[in-house]
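Below: a set of structures, written as structure tokens.
Common to both upcoming complexes is chain A, partnered first by chain B, then by chain C.
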Partner chain A sequence: MISGSVDTVEYRRRDNYVYRLTVGEHLLVALHARSDEPLYALTPTGAQLWERLAEWMSVDQLADALVNEYELPVDEARQDVRDFLDQLASLNAVESRATTV
Partner chain B sequence: MTAIPKISAATMRERMIERARRERIPIQADIEIIATCNFKCVHCYIAPCAEREDVMSLEQANSVFDKLQAAGTQMVLLTGGEVFTHKQFREIYLSAKRHGFEVYINTNAYLIGERWADFLAEWPPKGLSISLYGMSAESYERLTGIPKSFERVMRAIDLLIERGISFDLKCPAMTITAEELPAMQAFAKARGIRFRTDYSIIPQEKGDTGPLQLQLGPEGVMALEQRIDPGLKSFRAYATLRVDGSTTDSVYKCGAGKTSLHINVHGGVSTCSTSRKVVGNLFEQPFGEIWDTLGGKVAMKYPVGHPCATCQFSRICAGCPATVEQLTGMPTGYVQMYCKMTHQRAYDLGYHPTGVPRTVTEGIPAHVVTPTRAAARMLPVLA
Partner chain C sequence: MTVLPRGVGFATSKVTYPGVLSLRFGHLVIRFRAEDGETPFSIEETHIPFVVPDDTPADLELSCRIGPLQLPTGPITFSAGASWDLRRDANGGEDIVFRGGANFGTDVWHLRLDPSFRTGTLTEAPVMPDRAVRADGYPLLEYIVTRLLARHDGVLIHASTAIVEGGAYVFVGHSGAGKSTMAAIAEEAGARIPTDDRTILTIQDGAAFAWGTPWHGSLIRKSPDGAPLERIYFLEKAPADRCEPLPRARAVKELFVRLIQPRLHAGEVHDTLEVLERIVERVPVAILYFRPTSAAFALAIGAKAETGPSL
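Let's turn to the complex of A and B:
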């Protein structure tokens, strides 16, 4: 048995949505029936985070991206990322895992 | 931060369509992935001319999807022929979805059994449109030429309803469907399904004018409209937005070639599925080059003296540039049958004093192109 403690949670987007930038809109298009809406709008910031979520990412890693891009205070960036991840989770658009060390 | 704003898909779609109109973005594309069909419908203008090889492969479809995606297309209609007879339909459909398109399907539903219905429930299309051809086995099979076609389509409809898959029904109004159209409409209404019809029949792709024998004349159209739309209530609502006394010399008043296009099985691009006149080939040319050519076509104006250029009912005309093109060879042609239908409707709505078009009393200007001799012989109103 591998022992260790939970260090952080990482997130990755699921493959049940497709992102597109078209006609000036950042779209999240649902592929499956289990979605309330066939498509959702993302803000440009949301789209940027969605692209990063192709790989497993922690809240801190995503927040760092916002800090670097928009010069936000770190705490504000973290809160924004958490809000976004909550929204994605409610759409079942993101999965998470606990990483251990 | 609200990274996913609370905005409905419908609102977002409207916003996108509005921008597509402003900037001439091809937001919608109809893609004919197969020209052959498992039905032998008497009115069809595509399948009777089709050969076995008239099929778009998955690789070709993917190349079309890539080009459309880059061009800004959001809505894709997969049509035929009959799409469910395509051996790679599942792969093509899923690829369209994975390209991020909202996918629509046209089908006769004959092949939709439990497995396809389950598949569609798992991977729902944005829209599914089923052609309906009658309300009895006898009439259905007379039109489609296929035994048990009525039974199979009715079962498909039940399977889709059971799974909560939304779809609409449509039937072309013609001599052999007119009698049962009100029953079809009632069938759809009882199930909460949208039903629509269309009054224009066009020649086959390779020129055979046989289907035109099925075209309803103006009196037939009006009699049927009064049965399916008593008092023309729905049509009045449609017309009120489009008849304001103004006229336009623009031939194309729809979105064809402005926000939408049609691609046939061989990559040929035309304004819409009714127009079979291709202006370029998407398998061989860059999208922008074809889109520019299409833009030139739909910017055309009527020649001076053309009756449609000064008609205040042109926006509610029974014909359109594509049907006129199929009957006369040119989008700027003139088909008096459509004109009579439209003026009769205008009369019934109280917009026109007599319902008789000017060309009946004054004649059609000599420089205006009218239906080809072969088409004119078949149409219920010679013009």
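Let's turn to the complex of A and C:
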């Protein structure tokens, strides 16, 4: 038997953004004035994912959270998570690492 | 009429204060004290109204000297392009080096703020001809004030302010929005104008206030005057005058993006948003669509009774 490993990617939010629930809106504020856009609004789902991204999380772990919370089909939840992570990556708001399991 | 057309400068002269100088902005007092007890401080005459007695309790005390800068080492936390760099140490103290001269090629000031932000040191390089510390140097002083406001329930915003019958009406907008125009109209109508470009907003004892500043704009008579905040308007030029109340959530976001706030510290960002939340809880916020006439200002100060607080 050939021993093997599976690579997976985990994500964690960077500390260059500040999250705050303000007057019912989930705001993400870019630290440092040179940021082109200082302010972003998250959906409640996005805010929940942002909170979880305080720790290293895989797409599947994040998707599981959405499935449990919103009873979404797992494929739909994974796609939502990937889209959200892509947006965070475009803002340089998330870092990633490959891990072996 | 004391408002000059936008972009028209006016001559000012410098005033010096030997040994110690205390300046008040909004509710904050900053004291510059010479390390040797003698070195003078200079300010433009536009800043004279902001000088307060030296026994006024200070929120920040800076020990100052003129001499070669001992530049900090270590990684830069944030660089504002060529004009200044910030280094933050592990315990929260900060070193900021400001540059000036041609292409910002000269290191001019080294500001050291202790972790409490209540004390610090300021060294000015011996590059000025008169051997006086520029207490109002740009962007040094504005930087200090914005950082302190973020820790003391205040913000600095792109806005002009008109004080009418003891109440402050604040007109917010980026460059070209009409802040100075509205200030000129308001002054013609009898309002006091403490600033036509940058306003300090504060929360004190549960109430919101607006204050004048000495920075920028085209107004000669800059004033530290403050007054309870009556209304905030975002200026929008339009073919007809009307007011559109803003929901609180949108008001916070629109205010936030018009702040002069370097957003260097997560805690300061949280506190700033909290201040804005408290302001929009207390003060109606609206868009003022306006033509540059006295009717628009009349609508602004009369609308108080016609529309309620923002939603």
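In the analysis below, the second predicted complex is superposed on the first by the 92 of 101 C-alpha atoms of A that agree within 3 Å, B and C clash if a C-alpha of one lies under 4 Å from a C-alpha of the other, contacts with A are read in each partner's own complex, and residues count from 1 in each chain.
Note that a contact is a pair of C-beta atoms (placed from the backbone, for glycine too) under 8 Å apart; a residue touches a chain by one contact, two chains touch by 3 or more.
In this text, all values refer to a predicted model and were calculated from it rather than measured experimentally.
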Clash-or-fit label for the pair chain B, chain C on chain A: clash
More chain A residues in contact [chain B versus chain C]: B
Contacts of A:A98 with chain B and chain C, given as first, second, both or neither: neither
Which superposed partner A:P38 touches (first chain B, second chain C, both, neither): both
Partner chain(s) touched by A:L49 [first = chain B, second = chain C, both, neither]: first
Touching partner for A:D83 - first (chain B), second (chain C), both, neither: first
First (chain B), second (chain C), both or neither touched by A:L27: both
Partner chain(s) touched by A:V18 [first = chain B, second = chain C, both, neither]: both
Residues of chain A contacting chain B in one complex and chain C in the other: 18, 20, 22-25, 27, 29, 31-33, 38-39, 41
Chain A-facing residues of chain B, complex: 1-5, 7-9, 12-13, 15-16, 19-20, 25, 27, 69, 72-74, 97-102, 121-124, 126
Residues of chain C that touch chain A when the two form their complex: 78, 80-81, 248-249, 252-253, 256-257, 261-266, 269-270, 273, 276-277, 280
Chain C contact footprint on chain A (complex, rising order): 15, 18, 20, 22-25, 27, 29-35, 38-39, 41
Sites on chain A touched by chain B in the complex: 18-20, 22-25, 27-29, 31-33, 37-43, 45-46, 49, 80, 83-84, 87-88, 91
